[in-house]
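Going by the order they are written in, the chains are A, B, C and D; count residues from 1 in each one.
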Amino acid sequence: MTLDTVKHATETPESAQPWAELGLKEDEYARIREILGRRPTGAELAMYSVMWSEHCSYKSSKVHLKQFGEKAPENDALLVGIGENAGVVDVGQGYAVTFKVESHNHPSYIEPYQGAATGVGGIVRDILAMGARPVAVVDPLRFGAADHPDTKRVLPGVVAGIGGYGNCLGLPNIGGEVVFDACYQGNPLVNAGCIGVMKHEDIHLAKASGAGNKVILYGARTGGDGIGGVSVLASETFDDSKPTKRPAVQVGDPFQEKLLIECTLEIFQEKLVAGIQDLGGAGLSCATSELASAGSGGMRVELDSVPLRDATLSPEEILMSESQERMCAIVEPQHVERFMEICEKWDVIATVIGEVTDGERLEIFWHGEQIVDVPPRTVAHEGPVYQRPYARPDWQDALQADDAGKLPRPTGGEELKQQVLQLVGHPNQASKAWITDQYDRFVQGNTVLAQPEDAGMVRIDADTNLGVALATDGNGRYAKLDPYAGAQLALAEAYRNVAASGAKPLAVSDCLNFGSPEDPAVMWQFAEATRGLADACQTLGTPVTGGNVSLYNQTGETAIHPTPVVAVLGVIDDVTRRTPIGFAEEGQLIYLLGDTREEFGGSAWSQVVHEHLGGLPPQVDLERERLLAEILISASRDGMIDAAHDLSDGGLIQALVESCLRGGTGARLVVPDALDAFTFLFSESAGRAVVAVPRSEEVRFTDMCTVRGLPATRIGVVDGEEIDIQGEFSIPLSELRTAHEGTIPGLIA
Amino acid sequence: MTSRIGVITFPGTLDDRDTQRAVGLAGAEAVPLWHRDKDLKQVDAVVLPGGFSYGDYLRAGAISRFSPVMETVIEQAKAGLPVLGICNGFQVLTETHLLPGAMLRNNHLHFICRDQKLRVENASTAWTADYEAGQEISIPLKNIDGRYTADERTLDELEAEGRVVFRYLDGNPNGSLRDIAGITNAAGNVVGLMPHPEHAVEPLIGTGRTDGLGFFTSILKKLVGA
Amino acid sequence: MARVVVDVMLKPEILDPQGQAVQRALPRLGFEGIADVRQGKRFELEVEGPVDEAALARVHEMAGTFLANTVIEDFTVRVES
Amino acid sequence: MARVVVDVMLKPEILDPQGQAVQRALPRLGFEGIADVRQGKRFELEVEGPVDEAALARVHEMAGTFLANTVIEDFTVRVES
């Protein structure tokens, strides 16, 4: 097959091209021809098609995501906002923190181990590319029904992959989620987040400037990973659908990535790079076009110099390959030698593949012939933007009218007790230790809090005890009932979790997991969720600094529940003041903070006991969330509370069981006069937490709540070896432990 | 002059910086050593930290064992240099045959990370003198290839000579024979164990306990006293 | 009882980090002249009853659905004499 | 270039939980009649130059010192045709 050079493309304008097979729409292909003033070469077509895909261009979501910027609250802490590899916030003492959550949903369904592993690898490189040392990871996960046979295939593979990769990198896993719901059958959600720490002056950006600067590709050799679709370009004729030998899945090498991290950090330390970008989706196409697009000049790349693992790759395939563990740096000529020395020290292959030019074009050559000549912005930043039609689904009203308040409630203590055991033993509420024990949470020696705490927390300065906390939350059931409120509740929960640990919430990242944007109902869910999240971030003063959108999570006509997963990052001046969830001291007083209403729509109780989803999710009151957070943070700083746990799915009883089991103590509780026992225990009203207050601090603590107007109700005392609800029931801790901890091993093992 | 304790970094080592911190907290000077250098920089003792050197590819510790620095470590360990191998470091020590036996995949086949209770069986090695024989400590355990194995004769020998240094308590986490968590060579200068003392040296961090600090104070006392 | 061996190797186009790590280590150990190393798995199955065509067909199926992950691995089945 | 295969298996007296896990799973997947499963490693080496006795001796040495840990594993070396 002859090489499709720029010259050849100009001479053969009518040559048929497989744009449809590559996922381009007719008008998109026409636009490429218009931009170039000729037909694209095969290599150009490959680049445009992948960069203009939903995954890389955000073409369906862009118009909605704009709000995160437009409504961004004033926040002095924000150093780098949306648009870079990850956002960066100032956490004081000269430190900056970068964090982000990403999805690797589809690959993890096809090949759970490698899909999840490379998901971790990808997000870690994003963080590294900002100039930061990665210090912790989190993994919000969602699977199909817990007892579905395919869950037994997907879950252990995903967990082993996340552990296998993250453990080998030496990144403590400090949090995440595990949710089971039949709606994720066939579309598991594997989201992964990472936090990185640097000094302000070390922030790096992905841009290529300075004519004559070298473009260096370093890390793993390039193989045929993840380029299944593009192989059509390499086939003899375009309609020839001979089976491809190119794997659609990528295989990770965490050892290589660990070397890449250490090598890159050493390179940063010596200030050897002018710009840097990780290679993720769309590989070199993405890295070169984004670097050139964000910089001031053009770029010239000799594709022959790319070190290959498979010598038979075509130039199109090299451009598209998603081989893992690679980075691309822009280096001034006088630093190249030292750059190479550091790579050699770490056994990392590094190759100059091109240079920054003073032109305006991205030009790529293969065996001396030009195969790409494009304005880089048109590839990387000026892709198509869709105003997808959206419409509130016609079933939404009926769903909301199906009020969970009408479900039969337990009558009497014995039935309450049975439902409590049912709740805390349900896979969604059960202990996730079987999973999290496969993750290293101690490595790096800075972990202050990890699972099963409300938020993960790591120390970032051992001399001053400065630390950061991160929590991720999402509730697809709430979002299904009301996507606007659902997204806000996800934010509120993560925010509350961070505050419960004693840290001050600062900034947000998110991973928006939805069905097909071509379905107006899904698009409506997406529009509502982003609007809800943007509005709530504005109110709470926590800007969205970056995130990820995963669409097409659906099988046939059936989409997953809309699942916005929200990560909140917080800062704590002194990690020794952190608040754990466990009730450890007998005699301490248990206070319930916030208002409890009859709210059961989307609740864990309605799911576990009645397999019901209907009504409205809990009411959102962001001012209350903010007040609650302020109280939790002050109380932690001033030593007024010894434990705190936010209330979310499963309500008060779930939180109490977790706090008691964690601390190894029981609790005696009294149902407040204003509430019935069922509502008291199972309602999921937002804006609440339980705290354990030492008796000596009671007056100070309640005075503070009264002055600031936060309802605080004394509901009991830490005591004994059972949870006793006066006049209703009591359950020994050992029985609760068996129910809570036996479930997941029983399902999977 | 304070004692100098070398901490080796292999490609893929993870706990080197923690180990250096632990050495410092105990009052000694931590000296970073690089796998490609044969030179041990005149350190008084060496720690092989945990991690996934060479990705644990082939077998945990199998590739690191052949690095230049290990040539010197093997030679000097035989001459009495105190050496501590933690987790991956223990695996390297068995691969070099400085310590007998071998490490296999955990019997449940999963990575396991937990706070692990141990009994100190031998408090007279270079690295355990600050403990008492029979003392129970809790330090983090985290590995996937932690099942200690040796043939019966070797095991009997280890027992008879008091060379089982640590034993797992409250449940064997990986199927190690005779609940062995750590062993020593005949001279008592080379010790290897799977759990991680360097992760248990500061209150509040990790498990919040400081049961691991004794390793580093033990060696310091020995070196200063010597 | 007969022994059937199933060899499972990563497909040639799939990255094999273990094999690569082994290969890169060899020269340092003084072994030159090994151009490539791939590492895979070997399963030894002790099969009850006669290893006839039907039995082998079952092992094939087992290998393709369980022992190997055919998304990334190839396998071969053979009777060991 | 010739291919030399090194098979490494745990010694028979060493517990092989991976093999056991496979064996235990088989009946659940509908495969009966497998009395035992052992799982080991297979290395495919591409050897440059002639695979004569000297070359094979070198591979033997490599297998005994590096590819296998003879405390726990046995190995075999063969040239693949």
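Keep this in mind: contacts are C-beta pairs under 8 Å (C-beta built on N, C-alpha and C of every residue); 3 or more make two chains touch, one makes a residue touch a chain.
Listed by chain with UniProt protein names: A = Phosphoribosylformylglycinamidine synthase subunit PurL; B = Phosphoribosylformylglycinamidine synthase subunit PurQ; C, D = Phosphoribosylformylglycinamidine synthase subunit PurS.
Remember, it's a predicted structure, so these values are computed and weren't measured experimentally.
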Other chains in touch with both subunit B and subunit C = A, D
Length of the line joining the C-alpha centres of subunit A and subunit D, rounded to whole Å = 41
Averaging only over C-alpha atoms, locate the centres of subunit C and subunit D and give their separation in whole Å.
-> 9
What is the distance in Å between the mean C-alpha positions of subunit A and subunit C?
-> 36
For the pair subunit B and subunit D, the C-alpha centroid-to-centroid distance in angstrom is 30
If you look at subunit D, which of its residues touch at least two other chains?
-> 66-67
Could you list which residues of subunit A touch at least two other chains?
-> 253, 255-256, 347
For subunit B, what residues touch not just one other chain but two or more?
-> 54-55, 57-58, 66
Which two-chain combinations qualify as touching?
-> A-B, A-C, B-C, B-D, C-D
For subunit B, which residues are in contact with subunit D within the complex?
-> 58-59, 62, 66, 94-95, 100-102, 104-109, 149-151, 175
Given the complex with subunit A, which residues does subunit C contribute to the contact?
-> 10-11, 13-15, 17, 20-21, 24, 69, 71-72
The answer for subunit B against subunit A in the complex is residues 11-12, 14-15, 17-18, 21, 51-52, 54-57, 110-114, 140, 142, 144, 196, 198-199, 201-202, 204-207
Touching residues (chain side subunit A, partner subunit B) in the complex | 160, 163-164, 167-170, 253-256, 258-259, 346-347, 436-448, 459, 462, 575-576, 578
Taking the complex as given, what residues does subunit D use to touch subunit C?
-> 1, 7-9, 19, 22, 25-26, 29, 31, 33-49, 55, 58, 61-62, 65-67
